[in-house]
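After the structure tokens below, expect a handful of questions from me.
Chain lettering (A, B, C, D and E) follows the sequence in which the chains are written, and residue indices restart at 1 in each chain.
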Amino acid sequence: MLHYLLGRPPRVGVRPGALIDPEPDARVGALTIYRMDFGGDADTRERTETDLDAALTVPSQEDHRLTWLHFEGDVPAADLARLGEAYHLHPLALEDVLNHGQRPKLDAYRYSVFASMALPFTREHECLFQQVSLFVGEDFVLSFHAGTHDVFAPVRNRIHEAQGRIAHAESDYLAYCLADVVVDTSFEVLAGYNDRLEELEDEIFDNTNRDMIEVIHAMRRRLIGMKKVLRSQSEMLLHWIGLDHDLIHADNRPYFRDAEDHARRVLDLAEGYYETAGSLLDTYLSLASTRLNEIMRMLTLIATVFMPLSFIAGVYGMNFDTRSPWNMPELGWRFGYPAVIGVMAVLVLGMFLYFRRRRWL
Amino acid sequence: MLHYLLGRPPRVGVRPGALIDPEPDARVGALTIYRMDFGGDADTRERTETDLDAALTVPSQEDHRLTWLHFEGDVPAADLARLGEAYHLHPLALEDVLNHGQRPKLDAYRYSVFASMALPFTREHECLFQQVSLFVGEDFVLSFHAGTHDVFAPVRNRIHEAQGRIAHAESDYLAYCLADVVVDTSFEVLAGYNDRLEELEDEIFDNTNRDMIEVIHAMRRRLIGMKKVLRSQSEMLLHWIGLDHDLIHADNRPYFRDAEDHARRVLDLAEGYYETAGSLLDTYLSLASTRLNEIMRMLTLIATVFMPLSFIAGVYGMNFDTRSPWNMPELGWRFGYPAVIGVMAVLVLGMFLYFRRRRWL
Amino acid sequence: MLHYLLGRPPRVGVRPGALIDPEPDARVGALTIYRMDFGGDADTRERTETDLDAALTVPSQEDHRLTWLHFEGDVPAADLARLGEAYHLHPLALEDVLNHGQRPKLDAYRYSVFASMALPFTREHECLFQQVSLFVGEDFVLSFHAGTHDVFAPVRNRIHEAQGRIAHAESDYLAYCLADVVVDTSFEVLAGYNDRLEELEDEIFDNTNRDMIEVIHAMRRRLIGMKKVLRSQSEMLLHWIGLDHDLIHADNRPYFRDAEDHARRVLDLAEGYYETAGSLLDTYLSLASTRLNEIMRMLTLIATVFMPLSFIAGVYGMNFDTRSPWNMPELGWRFGYPAVIGVMAVLVLGMFLYFRRRRWL
Amino acid sequence: MLHYLLGRPPRVGVRPGALIDPEPDARVGALTIYRMDFGGDADTRERTETDLDAALTVPSQEDHRLTWLHFEGDVPAADLARLGEAYHLHPLALEDVLNHGQRPKLDAYRYSVFASMALPFTREHECLFQQVSLFVGEDFVLSFHAGTHDVFAPVRNRIHEAQGRIAHAESDYLAYCLADVVVDTSFEVLAGYNDRLEELEDEIFDNTNRDMIEVIHAMRRRLIGMKKVLRSQSEMLLHWIGLDHDLIHADNRPYFRDAEDHARRVLDLAEGYYETAGSLLDTYLSLASTRLNEIMRMLTLIATVFMPLSFIAGVYGMNFDTRSPWNMPELGWRFGYPAVIGVMAVLVLGMFLYFRRRRWL
Amino acid sequence: MLHYLLGRPPRVGVRPGALIDPEPDARVGALTIYRMDFGGDADTRERTETDLDAALTVPSQEDHRLTWLHFEGDVPAADLARLGEAYHLHPLALEDVLNHGQRPKLDAYRYSVFASMALPFTREHECLFQQVSLFVGEDFVLSFHAGTHDVFAPVRNRIHEAQGRIAHAESDYLAYCLADVVVDTSFEVLAGYNDRLEELEDEIFDNTNRDMIEVIHAMRRRLIGMKKVLRSQSEMLLHWIGLDHDLIHADNRPYFRDAEDHARRVLDLAEGYYETAGSLLDTYLSLASTRLNEIMRMLTLIATVFMPLSFIAGVYGMNFDTRSPWNMPELGWRFGYPAVIGVMAVLVLGMFLYFRRRRWL
């Protein structure tokens, strides 16, 4: 149901900050480490490793230089612990990197800021979320993606091209660029719901079948979870805008404001879709009710016309002994049959007029 | 569905502030530039151009003079970039001018204030929004309308007539005048919903058909999106009232308060219509249910009366050999037929009384 | 629908503060001006005029004296402009006096406070609102009522009797007295809904007809609009309590707090009625559904009993040639007829027991 | 409907603070006055009077002594006016004592604090509220109960026993004790709803009848009003906790916090019951719908089986002249009857299999 | 219904802070006392007692040493009073320990902080809450669990292992560890709802029966109560984060922030489940409505086909005297029977085409 919100439930009573590798079925894939060193006067250097030691050995002592380590896939708990020591990261934040399924949130510590985000992606028509975690320090940014596709490739390209503000090598601006990728991806995924809701609307007015209810319910259920995650994401960015921390440059505030604005648009969309899906279910119910009315009107018309007629025919099918003049003398009349048919015709006509007046026909 | 909220989705990973021309299908029309220079001691000058160079060349160095450049239609990304340099505009704000479908918002930068608004218009009974963007600086106002009809003509007329406060040539008052046009247009568009809801109400109590459900659903769906956009618009103006910025004169606050008040009324209307449409759907369902009850009561009356009668007629239509005195001796009775008819009449009368007591008749 | 909220829509592009007479169909009636001068050591003077000049000529130069001008009916735009000059009123506030249908609001200017309120009244079972506008200055109060009945007569009487605090001739206390009349009138009007809802409840449990749905829907629709107006009214008074302005005496705060408390009670009532009307519609739907169940159970009982019986009778009404010993030998049996009747009786009894067990009887 | 919220509507235009006796039908009962003087070094003294003069004559000039006057029943307006003078009470607060049905609220004046609360009680299965008003001064507490049962007897007992903090004779602590009685009584009354909702649930799954809908609707309607009153009560206590007034001792804050906590629990209960009653109505509707489905399935089974059979029997009941070899030769067949019965049996079997496959049986 | 919220209702008029043993049916089990002394330079000591005297006698005078007393089961009122004296606890807080069913809350007193939490557990598929109360002082933590299973065993183990921050022996960190256990247990319990909702969804699309409605209603009802309790729990932790008290170390704030974050996730889950269960009921109603439509269509088809046919057969079963040439001459025709059968076949075909066109087949 609410898969992302559930995530990996915390283990009761375990020491806070304890780093424990996830169970095999909660793993996401092999680790790839992307390291970039850029800014200052030296050249931009990029390396791709699968081993933490190799990634950490790159010297980065130059002045005004920013190191960005991006971890794609499962980071072993032991490596994470070493990272924590190397960069003075808070154990609770490290624990949150391992325990996927955190609510998007921002925790400011003395020497670094930790942010956890939810990156939506679509698998088999299901919208799921993968956790993206960020540590922003004075001269480093660490990012973790609990997935296996290289989401931040466009940002690496922009660093190589050294276009725009990213060339200043400010850690919070780089963090904004990563957050921006996450938010804009949400936008893309949400936009997909638009088309499916429009299709559903067209189908619903054409015919009603149960599968449609199942689809609408599944969509609402998913949007319930998404709304909560996306609201947290938007609040997290709002928190970031207001953050009073040495690591955050006033000049970069407009960028976070922009990201927050996009996150709010995404949230508005998710809420709008949820309300629309609800309205669709109401509409479905009204349509089904209208159709039932039509069907029952048909049935009632048929029954109202033919029951009296059949009854009359039944009466004259009785076998009373017509030798008694009191027993069904109509049977012996010369024009008995035409008379009965006439009576029936008059009945049908009368009903027809009655139904007309009640607007049933 | 939520067209305006969707707008032009941001491209994932693109450099923030990158100015990219929209795809051909997202273009709105050819560009017209209206330039006005007014205030100070000199005369008011107005020029209409289709080319940025021509619009920028007008000398405007006089003291206390305000330049207003209004861009109607698509502004090429290259021109926008030049404008940004000329007026020291923030790249993120410029990007928002190009990417239509922003949430109404206000961003205050050091030398200018950027506002994005949503101007509603009606096309084929659909309420859509077009983006209006404003830059307010010390001695300039830039406005952009992602549409092709000249919405701000009345404001230009007022400048020519130099009536009222607009003659003071304050940039924030001019911005207010433009915001006022956008809000009052929203009011006009919303007022149209009133008549359509009243028509729907009248129809719904007269007859029920499926088209009406479709119309109500479409209206609710649209109002879901409008509520969100109009709420952002109202919040944006509230933000403006509270803005502490050199460009905002305290004397002009009451005007923004007035615009915000109108925006709230528009939002109240949209919310009221949404609730009314919801109530209408509930009402429709109740009406359909009442009608079904009436139809089924009719059917049940008919069946309850005629089924027993037909059964009796059926019994006396059986062909048992009446030579046995045990087999349907009634058939041989002298008054068998009148007796049966009498029994039937008594039955009908009894049922009639029963239905009366249950208030079914 | 939401008549009051709609009010007189602003004209797009018109100069803010422009005073334009309403169209003939938006007029409310001829103007009567009530002028009172009281407080200080001199006597209380009251005059009733239909002409602004006459009303303005009364000398009021005495010390510590309060002038109250009440305008009942349509004030010509030209007169309003003169008033504005005489009392230094803000043009936007004057415009709001003319454009009926403002949201209740409070605008504090340097030399006066402007308040707009909504006075409910009932016409043909419809609850409508009339605008009451107030200007509160150092030594004057101007009030405007867009209607024709003299709502503030009791306040004038109290001034004549010089009872209580009103004799102090403080302009803000007089304003409170007027606001109090508006709020208490709302209370009276809302109380009328109580009786109608109770009647509706009684009716709904007695019988179901479509008119009732129409009445409930109309009531909800009206309450949607009233809730919004009354919430604004309550917020306006809250705003007044918190107002930090030279014209507001701290000693009079408790009075405004009292008015606000009453306005909140009125709002609570309107919200309560709206929820109750919603619950009533749910109840109606459940009742209709229960009745349908009863009707259908009846129909099913009848059909279930008589269809098999009629079938049996039909079988023995077939005309197979009984000369063949295989063709319906029952017809020739001595006790064929009683046997068939017996079988039918057993069938009915069985069904009766079956229905009993399923609690259908 | 919302009896308590309605209360005694304010009279339009009457002077604020005017003390007017309620109409005879709004009276609650004869007045009893309980006076206690306690604290300081002297003994606790208690007197019960029916006359204000007698109650006021008790000397209470000792130092550090607290006087508590409790008025049970209708207080004549004249007596209230005299009390107001004696204790310097604000006229608006006195008016609120007389006008029962105030929203729970707290008004802090210079020399006293006025609180109005709603005491729930049950009469004929209806939950109603009676107003309890409190004035808290330096050395006095005045309490008014618009009812006739002696609700504060336990508090008087505690004063006599001089147990705990009440012996300190602080006026605000005594006020807390009275508020505590009101809140805890609310709790008891609300707890009664629990049992009734559980009974309703059991009944609803056993059988459906209209009375139950009436009961649920009545409960929801009442809870709508209670929620509003209890929310005000909780807000009033929150207001009290935050009150910065000489009369409020910091040491007693935890007690008000405790009372507020209980008031919130009571409010949570009321809201929970309201939601549960709503869920119950939804459930009722679903159950009714399920039952209708079952009934109609039954009807359809019967009709589907017997209509074709009856038709076949009807065909062979036709009286075509069998002398023509083309007219119903089956009638003359030797095994005509068994053949027809066989065909019928095959039909029934086929339908049975069909219904099985559609899971209707 | 809302068992936890109801809890043990306060007794009206009883002295606040009075410690009264609960009635026998509200007792939870025999008392076990776990005492741990740890921190400083001395060894960690643990003792398990069933008697308060034994638990209190352990000397704990060493410097920088923390005493943790955990009470599992019913604490006699007399023992609680002695504890209160020994540790200077506020009587209101002690009363809340005895009166189970408090809303989760935090009360800060001068020398200690009192927190009350709700620990969920599952009994017979019902989610219930047990109260956990905490007193946090300078050098002691007292915890009370109104249940009988030893929930805090993992924390005791961690103290023995002296792993991580818990070895610092700070009272607020220990309190956090206990709060963490409560919150994480909530998470586990809530996760169980996920599976049950998924099962319900599968069942609902397979078949509809009333038991399912009962299950959904019961789930919603329970979640109504849980939402309220969990929201209070989350607010309580938020309150703790913001608490400015000597006993709270700034270094431990991130831990409470983490606990609050988990509590919010739990609350999000409960709200999500509640909305999902609501959507499920809507879906159920829509499905039932669709099924009814299908059934009625079937019935109408059958009736529409066979009623006219049976009527025709009935007509030719009438016994008119065919000696008159006007009476049913068709009976004597040579091809009368085939003609009638043909007419019937044409009728059936026509209806079939009609139903096809209306998409009923």
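Please note the rule applied: a residue touches a chain if its C-beta (ideal position, glycine included) is under 8 Å from a C-beta of that chain, and two chains touch if they have at least 3 such contacts.
The chain lineup, named per UniProt: A, B, C, D, E = Magnesium transport protein CorA.
All values derive from a computational prediction rather than experimental measurement.
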Kindly list the shared contact partners of chain A and chain C, in label order.
B
Could you tell me which chains are in contact with chain A and with chain E alike?
none
List the interface residue numbers of chain B and of chain C, divide the shared ones by all numbers used, and answer same when the ratio is over half, different when under half.
different
Averaging only over C-alpha atoms, locate the centres of chain C and chain D and give their separation in whole Å.
24
Mean-CA-position distance for chain D and chain A (Å):
39
Touching at least two other chains at once: which residues of chain E meet that condition?
285, 289, 291-292, 296, 299, 303, 307, 310, 314, 317-319, 328
Which residues, counting only chain E, touch chain A once they are in their complex?
152-155, 157-158, 163-166, 176-177, 180-181, 184-185, 187-188, 191, 194, 197-198, 201, 205, 254-255, 257-258, 261-262, 264-265, 268-269, 271-273, 275-276, 279-280, 282-283, 285-287, 289-293, 296-297, 299-300, 303-304, 307-308, 310-311, 314-315, 317-321, 324, 326-328, 359-360
Along chain E, where are the residues that touch chain D in the complex?
1-2, 5-7, 9-18, 90-92, 96, 102-103, 105, 107, 109, 207-210, 213-214, 216-217, 220-221, 224-225, 228, 232, 278, 281, 284-285, 288-289, 291-292, 295-296, 298-299, 302-303, 306-307, 309-310, 313-314, 316-319, 322, 328, 330-338, 340
